[in-house]
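Structure in structure tokens, see below.
Labels for the chains are A, B, C and D, by order of writing; each one numbers its residues from 1.
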Amino acid sequence: MSETSNLLTPHLMTRDQIAACVAADLEDNWLVNLGIGMPTLIPSFIPQGRDVMFHSENGVVGMGPPPAPGEEEQDLVSAGKGLVTLIPGGAYVHHTDSFAIARGGRLDCAVLGAFQVAGNGDLCNWRLPHQKSGSVGGAMDIAAGAKRVFVMMTHTTREGDAKIVAERSYPLTAGGVVRKIYTDMAVIAVTTNGLVLEAVAPGLTAEDVQAVTGAPLDTANVATIAVAA
Amino acid sequence: MKNKRADTLEDAVDQVQDGATVLVAGFGEPGVPEFLIDGVCDRGVRGLTVVSNNAGTGRSGLARLLGEGCISKLICTFPWAKESFVFKELYDAGKIELEIVPQGTLAERMRTAGAGLGGFLTPTAVGTDLAEGKPVHNIDGRDYVLELPLRADIALVKAYKVDPRGNLIFHKAARNFNPIMAMAADYTIVEAAEEVALGALDPEVIVTAGVFVDRYYITGPYAIGKEKQ
Amino acid sequence: MSETSNLLTPHLMTRDQIAACVAADLEDNWLVNLGIGMPTLIPSFIPQGRDVMFHSENGVVGMGPPPAPGEEEQDLVSAGKGLVTLIPGGAYVHHTDSFAIARGGRLDCAVLGAFQVAGNGDLCNWRLPHQKSGSVGGAMDIAAGAKRVFVMMTHTTREGDAKIVAERSYPLTAGGVVRKIYTDMAVIAVTTNGLVLEAVAPGLTAEDVQAVTGAPLDTANVATIAVAA
Amino acid sequence: MKNKRADTLEDAVDQVQDGATVLVAGFGEPGVPEFLIDGVCDRGVRGLTVVSNNAGTGRSGLARLLGEGCISKLICTFPWAKESFVFKELYDAGKIELEIVPQGTLAERMRTAGAGLGGFLTPTAVGTDLAEGKPVHNIDGRDYVLELPLRADIALVKAYKVDPRGNLIFHKAARNFNPIMAMAADYTIVEAAEEVALGALDPEVIVTAGVFVDRYYITGPYAIGKEKQ
């Protein structure tokens, strides 16, 4: 998918481009959990030769890409219920062992979607305020347990409202856990001194990003994201 | 040796009574005991409290049990999925009670029951709606929610192979909640694709020891979803 | 071993005879944990055709008798560290799963040795009062978790002091758990109405037993133990 | 892929520092990582807190580590055995601190640490000396002691086979504490009899997933006790 496919909003990155940004930051030898939705695009963008292992909370340690045609295995699914494979050296575990991995500090990183992220790293991704109920799945356990949480999401809601805010107004998933935010406009680090705008999408300025962000951004040192042609 | 084998589905589920708390294993489609669920359905029991990660898919299995009005309360992590439309209809009509539990906490609450423990402290859900009213303990500077055991009358479990003592092995990611739910009920009923002779399962690879299994029913060739057979 | 081998105390039963008494009371299909020492004599006395399965807390579910010469397996030991075997349909589990079985109510019975048993079922078997420390092993977990605890011991200390007492004076292992006491003199049930003398060794009277027992015995209905010739 | 294999014993244990808390697996002789213990001994470290079910046998292995004065505190379930005479000498001379923990509680405290939990409620030891000073909670009419996680710097583990990702299988009752201790340490070191190729271990039978293993050392043909090789 190329950038130009996004005709109406030419300066926003595609989902694949965001996934490539996240993938570039996943380090060699990390064990990573990917939330359902956008984060599932990440594995195809892991640089060649880098060993990133994926954990799926339904008991798959070493989740591989979707199966080749004819090799589908109905009992081997991801947390998002899509068919996947197991890498050589992967293992199956039951649900409590899987969450022992998640809560026990063995996940070097979790990449999750979000409805809202606050300046202090509060993550809100399980229920919208107007909903009576939500689908929590493993989000609260994984967010509380991973060594670092990355968020991957669109920068604003469809209505153009800021999803990155000074203080959360949505129901909490886990407090103060988000380390980095990857959106279609920018890469933002969550630090003890507040949000730091690290990079913007090509064609955007720091001011463009600040304008649709509900919390002050430190813009002292902003790079431009290098996207694939 | 006690005969744990039930030759008919009717016999297999004959201990499931009105008002029982029933654990139903599976995550997505893998590992769902679809035969046993149909057996429970056919008994026409009422007022069940069912514990299941998902809220049913389409109109068969758990969705059928829901649709026929057998369930008065669902304890669940991920109820709001497109394919769980039968549950949504019941919920919107006020015909079913819902308790949302984070996935790791749900698994751990059942293990806690099975292990004869009285509760556990988890960092999951601290500060969220799902911890409301639950005691919080600070241990070494971190807050934890006290969660209580979730014990059930009945567990419905899907296995790959079973031996006459009830020892079980599972198949890929269909393992998921099955070994945990098998521990957590007063009476555990298994559907397995294949029965093997005593001693045919290597004692090193048994995942669930037969001491946790009360009854089993042989379904014949392993498949996901009954319609695929 | 015959009764007459016990020349100096002709009316006391041998260890094998006590073991046979206990074995007779272990029911078909029970899962039983045996403490180290005297209780390890029990398996040879289980009546033919009765399926009693033994659990050893070091992770052996389905412990069999000692190996035949030449078939010793150094990695297969009992809790007392003696070489054992695994029955067909047995399984290996790790330590937390093994204690999940013990505490989780899956042990139909545990047969343990004791220093002292009180009229209310208090069990004392891990430390003598004059010792600074003791070896607890799995005794506290098993005593607290088994459905019923049987004690197998000599009726008195070597000095002739009562080991069955009105109130314990020794450090507690688990409170109110002992259901039945098997000694070289008698079989005594622990009931909510106190201790009931069920049977005495051949040649002994209820008075003989009461004389060396530190708590009142209900002697309304006393049988004589049938010992092997 | 990260190289977890240490070619020398010296390399395998090079992360063990003075004052570390070290988990040493095994129950009796089966499952004791004798090579690694010797490696730690040879490093000449001091002030270790060691967690082990037993207190050493004869003069080799853990007994050697004790005898050479490397250990300042032992956390243990069964210290007083004839074969643990080295420990007894140190204890009687006031040269070592001892903490007695019930066996199921010891295993569960380590699992709790490994699973990222903050504590658990157990019926074990209620009302006994070993629960002194610990909070008691009444849940549904039964008393439970609150026990805290036991996390360590290092775990020394003995496995049967290992693959390059560190996936482990064990051998009969030598499994015991090994999988639990592997979860509970910041740095887990394994001695295994045999290294197999990536993918050679069936993912269904792996007991400890490689994500818990930091380093392994191959000892050659499996044996109990080094002297037997």
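Note that in this section contacts are C-beta pairs under 8 Å (C-beta built on N, C-alpha and C of every residue); 3 or more make two chains touch, one makes a residue touch a chain.
What you are looking at is a predicted structure, and each value in this text was computed from that prediction instead of being measured.
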Enumerate, in label order, the chains that touch chain C and chain D alike.
-> B
Maximum centroid distance from chain B, chain identifier (CA atoms) = C
Between A-D and A-B, flag the pair that has more C-beta pairs in contact.
-> A-B
Which integer distance in Å separates the CA centroid of chain B from that of chain D?
-> 33
Whole-Å distance, chain A centre to chain D centre, using C-alpha means?
-> 36
Take the average of all CA coordinates in chain A, do the same for chain C, and state the distance between these two points in whole angstrom.
-> 58
Give, as an integer number of Å, the spacing between the C-alpha centres of chain B and chain A.
-> 30
List, in ascending order, every residue of chain B touching at least 2 other chains.
-> 108, 111, 115-117, 122-123, 170-172, 204
Residue ranges of chain C touching at least 2 other chains are 86, 92-93, 96, 99, 102-103, 144-145
What is the complete set of touching chain pairs?
-> A-B, A-D, B-C, B-D, C-D
Which bits of chain D are touching chain C when the two form their complex?
-> 27-31, 77-81, 91, 98, 100-105, 107-108, 111, 122-130, 170-180, 207, 223-225, 228
Chain B partner contacts - residues on chain D that touch it in the complex | 108, 112, 115-123, 137, 139, 142, 144, 148-149, 169-172, 202, 204-205
Residue positions on chain D within touch of chain A in the complex are 1-2, 111, 113-117, 163-165, 167, 183, 198-199, 201, 203-204, 206, 209-212
For chain C, which residues count as touching chain D in their complex?
-> 56-60, 73-77, 81, 86, 92-96, 98-99, 102-103, 127, 133-142, 144-145, 171-175
Would you mind writing out the residues of chain C in touch with chain B in their complex?
-> 28-29, 31, 51, 53, 55, 61-62, 86, 88-93, 96-97, 99-106, 144-145
